[in-house]
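Next up: some structures, all given as structure tokens.
Each of the next two complexes has subunit A plus one more chain, namely subunit B in the first and subunit C in the second.
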Partner chain A sequence: MANKRSAFLLIWVITAVGCLYGFLKYASPKIFQILMAKDHPMPTPSTLMMWYMIMGVLAGLVYATTSNQKFVDFLSFLLPGHGPLIKSFLQKILFIGFPLLVGWFVYTWAIPGAASPVELRIQHPTLPQDFEKLENPFRQADAETQRKCIEEGKILFQTYCRPCHGSKADGNGPFANSFRLRPINFQDPGTIATVVDNYLFWRIKEGGPGLPSESTPWDSAMPSWKDDLKDDEVWKIIMGEYDTAGVMPRQREKLE
Partner chain B sequence: MNNLKIVQQFTKKSVFLVLLLFFSLSSFLSVTPRLFAADVSGEQTKASEGAASGVELPQFEAGQQPAAPQLAEGQPAAGAGTATAAIEEEELAPVQYRTFFGMDSRTVVWIVSELHLMFAAFVLGVPIFAVIVEIVGFKGGDVKYDKMAKEFTKLLSAAFATTASLGGLLGFCLFGLYPEFMGHMTNVFSPTMYVYALMFFGEAFTLYGYYYSWDILKGTAAKKWFHIFLGVMLNLFGTGLMFLTNSWATYMMSPAGIVPATGKLVSLYHAIYNPLWMPVNIHRLIANVCFGGFVVGAYAAVKFLGAKSDEERAHYDWMGYVGNFIGVGALIPLPFAGYWLGREVYSSSPVMGNIMMGGAFSWTFIIQAILIGMLFIGANYYLWLGMGRIKGSERYTKFFKYLIFIIFMCFAVWLTPHNLPLSGEERAMIGEQYHPFSKYFGVMAAKNAVVNLIILATFFSFLIYRRSNKGEMAPFSEQGKVGKIGIFSGLIFCLLMLVSYAISLNFVELEENIKVFVKPLVRSLYIQSFAVCLAAFLTFKNKGKLGQALLFAVTASIAVLYFWYYGFQVMQKANLVLRYLSVTQVSIVMSCLIMNAIIDIFMFRKAKLVGGIVWGKMPVRSQYALLLLCVVIVILMGLMGFIRSGLRMDWHIYGVLQDTSQWAYTPALSYMGRIVGLIVVLFLGLVAFVFWLANLGETKEKGVLKEEFELTEPHREHYT
Partner chain C sequence: MRNVLKKGFISFVFVGVCGGAFWIPNEVVAQSSLLFRTYKREVPQKLSETPEAVAEGKKVYEKRCWYCHGIEGKGDGPAAVTMFPKPRNFTRNEYKVRSTAFGSVPADEDLFRIITSGIEGTAMPFWSTITETERWQVLYYVKTFNDQFKKDAPPKVIPVGSVPSTPESIQRGQELFKEMKCYECHGEDGRGNGPLTVALQTEWSLPYRARDLTKGWNFKGGNTIEDIYRTISTGFNETPMGSYLEKLSDEDRWHVAHYVKSLAKDMASDVVVKVKLFEGEELPSEPLDENWSKASAVEIPLAGQILVSPRHWAPSIDAIQVRALYNNNEIAFLLEWDDATNRQEEIFRDAVSLQFPIKIPESLKKPYFAMGDSSGSVNLWSWKAHWQEGFGTVVEAPETEQGVVSELNAKGFKNVTVQPPESQNVTGKGMYQNGRWKAVLKRTLNTEDVKGDIQFEIGKLIPVAFAVWDGSNSDVGGQKSVSSWYYVSLEKPVPKTVFAYVLVALIMGASVEMWFIARLRRFPPKLEEEEQE
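Presenting the complex of A and B:
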């Protein structure tokens, strides 16, 4: 005979899934707003919401079926029988609420509306082979020369890149808000710190128009600078950019 | 003559037929260089003949497009002036590509090679644990293990012929459809191809010798050891074969031992031992065992579901448990081997590395994360359900909810991509490139941390499973010398691993501003060493459980929480340290697994049994979990095969020989999904057919099962 608590296993699982939904939908945007000192909430993207909810439901079902007894307890809640008044009340709620919930989902998915499509973004476009073997000529120079290059690069960065990428290379330039996809925050360790500096050389030289045909359509407003900047200037900008952002380029590793 | 004998004879004949075909192919290979020499220019042929130190290959330059695009079969080269010249040109024109009855050659090779690889993985993985199971049975005196090892081998012998047939078909497809590419490969690797053929002989002879001599080599210890020796030789030949073919496949990704500009072979050794060879060898070796374990688990599940008697159910329940145990056992180190391979891919080519993790193939890694998560969840679920057949397991079921919470939380982090699919509205509302979830969960620092936690949680599931029917422990002092030596050996091993690596980190050659990031790793290794010592000390003081808990806590704090945070720091400031960080992380987790397993074994060695294990008392859904594990690992292998091969993009041999065929593009994800799906269905269909063939004569042997279970009932502890 199942005890009182296990007799309500189905309700516990539903409650846990509901709490997860509440956390993702309402609590998490507020929490991130506070933690990241934003002036607006940070809503959980719909794709993540869907994935996390599927996992929440799956976790509940896995838990409810880890033993035959639990499985019986889980399902037997739906069966008519003797029990406390609250059970009967919750059963009715469930039998009315579940179809309504499904109906609501179907309605919200099926109702005509306008929304921009969800895009499957690729972080790093494929670097062409021609650029793979390039080396920054100033990286091997003596410390004094490197320092000089970085300073020159910072000036060039502020001249050419600041309007979009910001004076601190944090993606908050004066033009940043005019783009649908804001310029990247280079201070984020998941951006330029994860690529070798010839990758940046390619992106600056070729810009958005030079992106490869794979994984199109791309969403990049980066101009091509190959007609405006010399190679040396681009290398210096890269050095200045890393220094401004306070991160290091990914370095080539020796094979073991 | 019963059906089994007919099938066995048919299998033997088919293997010899395949061998015959293979040697015909080998003879063809020996002629091939001359054929290809006629295809390339006369000067190159002369140079090729005259080259004493190496083989001159057709001219290819890195990054350079070949002058002529694709020359299809019979198509004359451009510029032929007269009709006669055109005919001559046509006769002499090198054929780069052919088509397979008008079909897409690449897809044909893709399907055939993947099917061959899957069967090969089974054929190479299963003998490893068949021999181990046989040894366990022999040493423990339990006939059931011996029978199971034989049953594994029966499946093996049936699958072997199919593997060989698919290998032959793959060879013909490659030589027929990609003659120029295979000309290059033959020029570089022809000596290894003869070795391959010899080793194939070795494998065929030892496999059939191993299987057919099973009953003959019984009775005395000497005979049994000779039989085990045959099994070991089978494994050595199989592993050698895999290593050889791996050298060909990895050479295509990271060519070495040649002059890149000319393609001239300068060192066969380096062509074989190219940068990715050993990482792929290790990764495939472990993955094959994992694959074999889960396929055997699915076989047992099917037999369990169709079982007519309790004895059959008990036997196949036990077999499914062993299959799952082996699969999970190999799955645990697999992420470490995979990470090493990934790093070496990045080291050999930053372009390939970027394509793999952040570029065109990044979404395939999200699919991979889902599949790996399903493997861990499925394996744990099966274990938890399995505890239902063990009396005494009720004491541990309270841990399930915590384990589920941890594993699913980790799974959520594991599959969160760095770049989320966002609509324009969402992007505007978030206001920046990355949502915090993707920013903090989407990078490798987070993923490494959670995968280590999943591994620790899975290991914990195993611990509570094996403790389920054990009650009061005997004091450690009663364990005698064996217990002390065991714990001490484990301690020494872990300390050697941790301290030697900590010392070696002090001598890594890095710039001073980067080297400071190594110091926390050294400190972490020393803290873990102390925790391992403390756990051993507490075990000696009869407080082994406390020692284990302490070790778990320290490991999780360092390898999961601290390295999650520290990984971000290192990513930002000193990415060269990431390599050392990941090894430190692995060493710390491995030391916890090893030490805690050893403590558990000796702590519960003489523990009282609370109850027995009722084999066969498993809910049906547990068997579907085993089937799911098999399907998932097959999909995973298909997917990873696509990634490994696809990373070369439009190169046959990366940076050396470009693919100029019309199929030299990276397939879209949907196309990849369809082809991998087709491969999975074909493999599962074929494997089901082959297993059905192998079991045609089974009815006669069924009566044996009851006898085995009755005979071995006193050795109940052997099942655990």
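Presenting the complex of A and C:
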């Protein structure tokens, strides 16, 4: 009466759930590594994984109960009876496998797991008020002075910022790999191109220690340069930095 | 109806999977790979070397290159002061990565490849970001700095055949490494600590360092087997690394290359140093104790201390390996790092330090990773190599110098205090062998000085940071190599009760299953239509 495929419905459902697990666990991290162009796999978060697996099992059960015929096929697999040899073999595997699976769940739940650190931070905190009103004194200067300032700034950038932020301002300097919070890639249109240039003035002057606590100042390797560089030098570095990165600062909105 | 439901569910799951994609990037992913550079060997069609191309190249050079290499190509650009190794001086023929004979200038293709891929372990970035035309133009300009390029192009050294890497080949390579006296510079274990390197140091205007062949991430010409073969064959101009083209047969050079490749390791880094419970009676206190092999090793990258002045732009130590074990009473760390020499002076000493916050943080907040700050004090465990008059030659005996251990507190670089003698609880010893320092630091898990000392708790993530000083590089005080915050975690042992739980689960699982099947057999499922008949 029942064709071969529906006689093995239970096995097909289990296989489908198994495939879903395999996809989430192994295939998806690789796929997102390629899609997001990362140099490491992007593992599926464990809570998300749990929800997908619950949904997957439910979907399987719902499918099996969409008709009475299917439901009978689904359960009948467990009944003894004539069938191909493979059927009784799979039955035995299921019979032994189910308690082992339960045991495995209990084991993984009961062993003490190593916690992985949570390190959430806000990358672009609000600019402090003291720095809001500042103006870059060289932005209004004539073209020749500006050109000179950019060149002087580039020399300072290459001397002091390059070891971390890189010669190309791409966040790939020789020290870049050694700090867990990687130096910012200024070529990225989501970084210095989205802020006014006194934001950079604040970050260079105060560095990591000047960040608010939601931006985890204790992890930032950005030095505070206020004791070592003069204000003029910092403004020049900013101009040189934008030029090296090939982006422009965000323009202030005129209020009048 | 059934089809609709089926399709509905499939699309529901599909939408869910896609939705999940947007969640993933927000997760913190452990730093796994440290290398970002890809070496490209293919060189595209050459641009013709015309005066116009050179003129265009000058523009590129004066926009991007001169800051390091200097406006006249002498390697003396304004940014060179914060650099070691120093930028190439184009007026001399000190080209290292070449496919041409020793002493010759490189081929255009060699230069193109270096501009495209950069040089590992140096400040030279990969310029694959500019167009190929620009790269050809700038290299033609660079060639104008040295007249030797005007002569006929030197013949390239073409590899003849290759030998596959086998244990025998590596073995033969190791023998040749000895025969050819490679160890005189590169050291017996390849850590760049040979006696000749150390002796040559003062005779060169700049410290000259033989490559540490165990650090696969620092091979200047690339770390593929072909790159290593090429370097052995052609040598590095203006360095003691000569060409072995005539001294060794082609096959032998492949053997040596395979041996060198077998020494080169990647940096095996992790964010958490997992500390295992040690089953023996006493934690190991000797650096060479074989029990250390039971602890998992984590290698941590280090950078120069660039946070406060005086900043350290040219650190010589770029990695430290950490292992740790604990028992009911104590915790012990084994810290290992490569250093070409244990030469040091009274002030400039080889040293290492571990840094912890004084309390395990309860929130995200930690003290500043570099020596703490006014609102967050740190606890430092420091080990310093012993120094005495006349010490400074290479000491090969392992037991020679044990070093000095001290415990400190800091609230910033300028606020460092050594703990009073009654609070000094850390013990340890170090030794130097074959280009590598090994230091053990050990303390009880808990101390009486709860205000100044970290108190260890099992299962918690405890922030830790590292610093290393190299006396021969004039490291002292803030002149050191540092790391960001990492973590140590004392792993909870698996309690015996777990196995009881598992047994109960197995029995319960089996019982439920048997009950279900028994019931299924007694009341087999039937189609309603059949029942109605």
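To be clear about the criterion, the second predicted complex is superposed on the first by the 133 of 256 C-alpha atoms of A that agree within 3 Å, B and C clash if a C-alpha of one lies under 4 Å from a C-alpha of the other, contacts with A are read in each partner's own complex, and residues count from 1 in each chain.
In this section, a residue touches a chain if its C-beta (ideal position, glycine included) is under 8 Å from a C-beta of that chain, and two chains touch if they have at least 3 such contacts.
Just so it is clear, the model here is predicted, and its values are computed rather than measured.
Student: For A:Asp227, is the partner it touches subunit B (first), subunit C (second), both, or none of the two (neither)?
Tutor: second
Student: Who does A:Leu61 touch here: subunit B (first), subunit C (second), both, or neither?
Tutor: Once the two structures are laid over each other on A, A:Leu61 reaches no partner at all.
Student: Should A:Leu134 be classified as contacting the first partner (subunit B), the second (subunit C), both, or neither?
Tutor: Neither subunit B nor subunit C is touched by A:Leu134.
Student: After the superposition on A, what does A:Gln251 contact: first (subunit B), second (subunit C), both or neither?
Tutor: Touch partner of A:Gln251: subunit B, not subunit C.
Student: Kindly classify A:Met53 by the partners it touches after superposition: subunit B alone (first), subunit C alone (second), both, or neither?
Tutor: Neither partner.
Student: So in the superposed three-chain picture, is A:Val17 touching just subunit B, just subunit C, both, or none of them (first/second/both/neither)?
Tutor: Touch partners of A:Val17: none, neither subunit B nor subunit C.
Student: Determine, under the contact definition given at the top, whether A:Ile184 touches first (subunit B), second (subunit C), both, or neither.
Tutor: Once the two structures are laid over each other on A, A:Ile184 reaches subunit B alone.
Student: Which partner chains sit in contact with A:Ala193 here, subunit B, subunit C, both or neither? Use first/second/both/neither.
Tutor: first
Student: Which holds for A:Val102: it touches subunit B only (first), subunit C only (second), both, or neither?
Tutor: Only subunit C; A:Val102 stays clear of subunit B.
Student: Of the residues on subunit A, which ones does subunit B touch that subunit C also touches?
Tutor: 28, 32, 35-36, 38, 40, 42-45, 48, 51-52, 55-56, 59, 62-63, 66-68, 71, 115-120, 180-181
Student: Contact residues on subunit A for subunit C in the complex?
Tutor: Against subunit C, the touching part of subunit A is residues 20, 28, 32, 35-36, 38-40, 42-45, 48, 51-52, 55-56, 59, 62-63, 66-69, 71-72, 75-76, 78-80, 95, 98-103, 105-107, 110-112, 114-120, 154-155, 158-160, 162-164, 166-168, 170, 172-175, 177-181, 207-209, 213, 216-219, 221, 223-224, 227-228.
Student: Mind pulling up the subunit B residues that touch subunit A in the complex?
Tutor: The contact residues of subunit B facing subunit A are 62-63, 275, 343-344, 346-351, 354-355, 357-360, 362-363, 377, 381, 384-385, 387-388, 397, 400-401, 404-405, 408, 411-412, 415-416, 418-439, 442-443, 568, 571-576, 579, 619, 621, 649, 655, 665-666.
Student: Which subunit A residues qualify as touching subunit B in the complex?
Tutor: Interface residues on subunit A, with respect to subunit B: 28, 32, 35-36, 38, 40, 42-48, 51-52, 55-56, 58-59, 62-63, 65-68, 71, 115-127, 129-130, 132, 171, 180-182, 184-185, 188-191, 193-196, 199, 214-215, 246-248, 250-256.
Student: What does subunit C use to touch subunit A in their complex?
Tutor: Subunit C residues touching subunit A: 2, 5-6, 9-10, 12-13, 16-17, 20-21, 23-25, 27-36, 64, 67-68, 77-79, 81-82, 121-123, 125, 129, 271-272, 274, 301-304, 306-309, 311, 313, 318, 364-370, 373, 376, 459, 461, 483-487, 489, 491-495, 497-498, 501-510, 513, 517, 520-521, 524-528.
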